[in-house]
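After this come two complexes, each holding chain A, first together with chain B and then together with chain C.
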Partner chain A sequence: MAESIYRALRDGALEGELAPALTIKDSVASPFALQVFSHVISQLFSSILAGKSQSRGLVVVSFSRSPSFYLDLLKNKGTDVASSNKQIQILDCYSDPLGWKDQLAGSRNFTALSNEAMVSSNAIVFREVKHMDKLYNSIIELGKDQISSIFWLLHSDLHEARVTAVLEYLSSIVASLEPSHQLANGQRGDLENFSLIKHNSKKGKFHVRFKKRNGRVRVMSEEVHIEQSGINFASLPSEGAINQGLVPKVQFSLQLSEKERIDKANVVLPFEHQGNGKPIQIYDGRRSLVDSKHERPVSAVENVQTNENCGSGEIIYYRDSDDEMPDSDEDPDDDLDI
Partner chain B sequence: MAAAKTRTSTFSRNLSTAPPSHGPGLKCGPNGTVFLSSGIPDLDKILGGGFPLGSLVMVMEDAEAPHHMLLLRNFMAQGLVLGQHLLYSSPARDPRGFLGTLPSPAASKDDKSRERDPDQEKGLRIAWQYKKYFGENQLDGQRDGKHEYSNEFDLRKPLERHFINGPRIDCVSIQDSDLSTLRDRCATFLSQFPRNDGSISCAGRIAIQSFCAPQCAYSNMEWDMLSFIRSLKSMVRSSNSVAIVTFPPSLLSPSFCKRWQHMADTLLSVKAIQDEDKELAQLLTGYQDMVGFLNVHKVARINTQVPVILEATTFSIKLQKRRYLVLECLNQAPVDGSSGTSYGTSGGCSSSSKTGNLDF
Partner chain C sequence: MNQRSSNLLDEALGLDQVIEPWPLRGRVVAIEDQVETSGSFVLHHLLKRSLSPNSSNVTIFIAFSQPFSHYDRILRKLGCNLVSQRDNSRFFFFDMLKLQCPDGDEGITPEGGLIALYGKIHKTISALPEISWKNVSIIIDDLSLMEVAANGSSDYVLDFLHYCRTLTSEFDCSLITLNHEDIYSSEDRPTFFIQMEYLADILIKAEPLATGLATDVHGQLTVSNKGRNKVSNFHFKVKENVVECFYPGRS
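Entry: the complex of A and B
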């Protein structure tokens, strides 16, 4: 399923349609979005180098990690970064996003620290993150051509609900990370929850919603394991949760509550031969029910029999005649004379 | 709506003047309301005739599916085909591009049903004492009048160019403009259809798509958007037109979402369907053909105090033969899995296409 995300981004935009946009979001309970993001970047970049994807270059805008992080990441995955200068460009919004170093250089007591050696010509430092127009323009300049696909990483705790909603509205694929086990609210220090927290630090659930062209939403889930070497996706053990939110309100309730289920099981259905070997007895509405506590195998095929009053269900029937033997062949309609 | 009609009951209305005749695409309804079609015949039936003139229709979008575009397309195409004026605004840079996706009216399917009816009338005579009361409404509206009021649209056939290039269409992009510009454009558009007591020569339609979309510069200004909607509602109320506004409710704060819903005269919402959902497939018939759900939350009642209570408020949106938009009541799947009836066919007893239109 992470495969399908990768394929959607790799194949890019079709003629006349918008480019696929992916949101990867996480929260404090399951903070693995960066690993997923790195995984997607490395897969995409290797396909760009191999020429398999629609896009020919990658522009990375880094806010929370330095450019060297991404270059090392790609190097570790085995891709040859040095020779691929033109294919990856990094807009460095990490080193000095608000242009403070220039401002501080003017003051007296500031001794300029030697800059970290520029890793490569790939990274361009951007100093005016406050000006969204300039940021946008720099990204477009680096990209040069049309955009084939775009994806971003979002920590949902750090933004207002509206911002997350807007980004989900704009994206065509939404991938979210959730903890495998939900913790009880505000009880982080509790001993019971401690093992859960330990669990949650190593694995989580990865839910993806694809917005398809025909208007349907494809929902997929996988389990995610974080290891030293990176991130592993595995299919979820089937839990069979009914997606209640999508079942619309119909005029009648379609589910049975537990009590209703028990009552339904308790209703004795009227069959003449219940196969128990007990003698067939037909209740004719006159005898009392006192001595007939347990189920009686009674009733003909089309006759409905009185039922025990075990729950609230009752089937009441008075037989037409006592003479009638059970399972007789006579057709009651025979004596109708039209 | 001829003035001379046979007396069907002992009461006869004291009509001193003949009822005004209206232009094409307009239908008179009870309580002096005049309807115009939504472009989807099933939806017109659900709403009791169509959208009443002077009402504001709001559609709550689902961020995950573009079904509101289906509703808008049918609405706009219906207006153009009947010669009504249209004002369309969207957050795209070039709203005219959307006009190219409007559907064309479907080839008339009435020929088939017309052939069937005479045969039935020959073989079966139903002696039903109430037939005389329903006869006039059903028979008139069925055939000839139908195409003057509403059409079924074939979503695969684009609308002919001459409809789109006419002078009756105006497009506004709300991406860069602000709300006062949009309000002025709406005001000039609506001034062409003032409401007075005479007959209505032409009606107007306003379609505003994704009103609070994040691309719009004003999308943060919730109070301003609310006051725009309120002024639009009052302008529309005093003119012979209908306005549809679609918006994604997830992008608004909850209190504003509720306020916007209260502003609407008719409130609809669309919802996406999960793909390959086994539980839903078992629960509902025809799940494979369903594209989404449509919920009717509020139906406009302008000249009366009596509310509309619908039998069902959730309908499934299906594309028949991938061309025609139909709305169906949700049906729980029976054992054999036959599909449900369209809302348009009368009577709940017929569920297969073999039985004809027996009106009970």
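Entry: the complex of A and C
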């Protein structure tokens, strides 16, 4: 599932479409967005270097970590940043976002350190973060080209709910991190609570919501494990149990047995052309009459292969979707995200 | 004797092994406490450890809460002489209590005051030999009073904290702050307080026991060490000369 996110970003913007936009959000109860962000960035950068992605370069606007954090991260993941040329550019909004160092250098004997001057060729210091237009222009300048995909990290409890909601509306993919176990409020100091805290510090739930082109929304969930080496994704252990729980307990069987499943797969749907060279019989409700050797002319039968060009009409049938159970009674409009 | 009792706290922070070079270098440590359980003892303990004779650590102490004499008295009971450390340039005390509450018309704005403070800290560290930079600890007591000094503009205080954090990456020094959780508990969105939790590499929470007040135990400490991916919880009792830390049921 984290793979799906990576693929969406790697494939980038399709012709005439908006670029995919990903929000990675967390809260203080499971503050792992940075690890997820790092994971996404390193995967994407590897594919950029390998030439496998639509985008040809990466622009990182860093506010909460120094540029060296990202450069070290990519180096540790094995990507050769030194020879990557201009494929990664970092707009450094961390070192001096408000221009305080400039102000101080002007008024007193404030010595800018020599290691500040050793700004790597990949990082450019930006000192006017409060001027949104200048910030925007700097980002566009660094990027130079069209944007293939964009993603950002968000701490949801630091902003008003509507700000978070606006960003979620703007994004085509929303990945949110939640604690594995919700802590009972006001029950601090419980021994049980402490073991939950301990559990939550190493694991979390990862929910991703994809908005597709056709308006459908797909929601997936996984478990994340935080380790020293990084972050790992695993499928939710009790997923089957959750699904079982959704089926109401009634006296008739609502699930399909294996034999029923096979039989169902063998049924030829009315408009699916599965010819194999034989004439297609389009069922018009009178099959029983045909079978019983009636002399009724089989006018209903159309030989599709020879008739294709004589304009006598065709039925072109596209299956709605492959990942939906045919008998599912969910409303297809149910998951539209308006 | 002192070392032995506080071992649980030292262990949780990584201070039980060698303290040279300073194990907390490059890290941000946030201490959170409440009215019932004051966390200042953690601050005093960290101050004492950083000024230990076994290390060459330098501490810059930014005090909004108490004057120098207060800390001097407490640290003397813990076995540390702040006056001599100050004279040896191992301890720098920035007394912010004497700072006038700036009004706009005096030309000194809260923002200006904080910028100046940042400049002063930067200058103090740069003046030290480069080899000692990573052995510097900046201690702020406490953040809520800094907010008061800035006339309530928590935005400027957050900006200041950001710049302090850049100091940790620039000089590889450590930043230790104290804040009070219950001051912000009435807000719907205690942004200022939560922001500190995000910034912290090590979060130390001093809370009362779930069961209420007790004579033998003053409270519990929960130490979340993000760097080591470890969470520890234990009880503490603050005594005259020492703080005792022990696992529940083993005082």
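Keep this in mind: the second predicted complex is superposed on the first by the 226 of 338 C-alpha atoms of A that agree within 3 Å, B and C clash if a C-alpha of one lies under 4 Å from a C-alpha of the other, contacts with A are read in each partner's own complex, and residues count from 1 in each chain.
In this text, contacts are C-beta pairs under 8 Å (C-beta built on N, C-alpha and C of every residue); 3 or more make two chains touch, one makes a residue touch a chain.
In this text, all values refer to a predicted model and were calculated from it rather than measured experimentally.
Asks: In the superposed arrangement, which partner chain does A:Arg218 touch: chain B (first), chain C (second), both, or neither?
Replies: first
Asks: After lining up the shared chain so the two structures overlap, which partner does A:Tyr169 touch, if you call chain B first and chain C second: first, second, both or neither?
Replies: First partner only, chain B.
Asks: Would you sort A:Gly57 into first (chain B), second (chain C), both or neither based on which partner it touches?
Replies: In the superposed model, A:Gly57 contacts neither chain B nor chain C.
Asks: Between chain B and chain C, whom does A:Asp96 touch in the aligned arrangement: first, second, both, or neither?
Replies: Second partner only.
Asks: Contacts for A:Gly143 in the overlay, against chain B (first) and chain C (second): which applies, first, second, both or neither?
Replies: After superposition on chain A, A:Gly143 lies in contact with neither partner.
Asks: Which partner does A:Gln228 contact after superposing on A: first (chain B), second (chain C), both, neither?
Replies: The second partner, chain C, only.
Asks: If you stack the two complexes on chain A, which partner ends up touching A:Ser66: first (chain B), second (chain C), both, or neither?
Replies: So A:Ser66 only meets chain C here.
Asks: If you stack the two complexes on chain A, which partner ends up touching A:Gly12: first (chain B), second (chain C), both, or neither?
Replies: neither
Asks: In the superposed arrangement, does chain B or chain C reach more residues of chain A?
Replies: C
Asks: Using the superposition on chain A described above, determine whether A:Arg209 touches chain B (first), chain C (second), both, or neither.
Replies: First partner only, chain B.
Asks: Where on chain A is chain C touching in the complex?
Replies: On the chain A side, the touching residues are 28, 31, 66, 68-69, 94-98, 100, 103-104, 108-111, 113, 115-116, 155, 157-158, 160, 187-191, 194, 197-198, 201-202, 226-228.
Asks: In their shared complex, at which residues does chain C touch chain A?
Replies: My answer: residues 115, 118-119, 122-123, 126, 159, 162-163, 166, 169-170, 189, 191, 194-195, 197-198, 207-211, 220, 222, 224, 229, 231, 233, 248.
Asks: In the complex, go through chain A and note every residue touching chain B.
Replies: The touching residues are 162, 165-166, 168-170, 209, 211-212, 214-219, 242-243, 246-252, 254.
Asks: Okay, in this complex, where on chain B does chain A touch?
Replies: Answer in residue numbers: 63-67, 213-214, 248, 250-251, 253, 271-277, 279-280, 283, 291-293, 295, 311-314, 330, 332.
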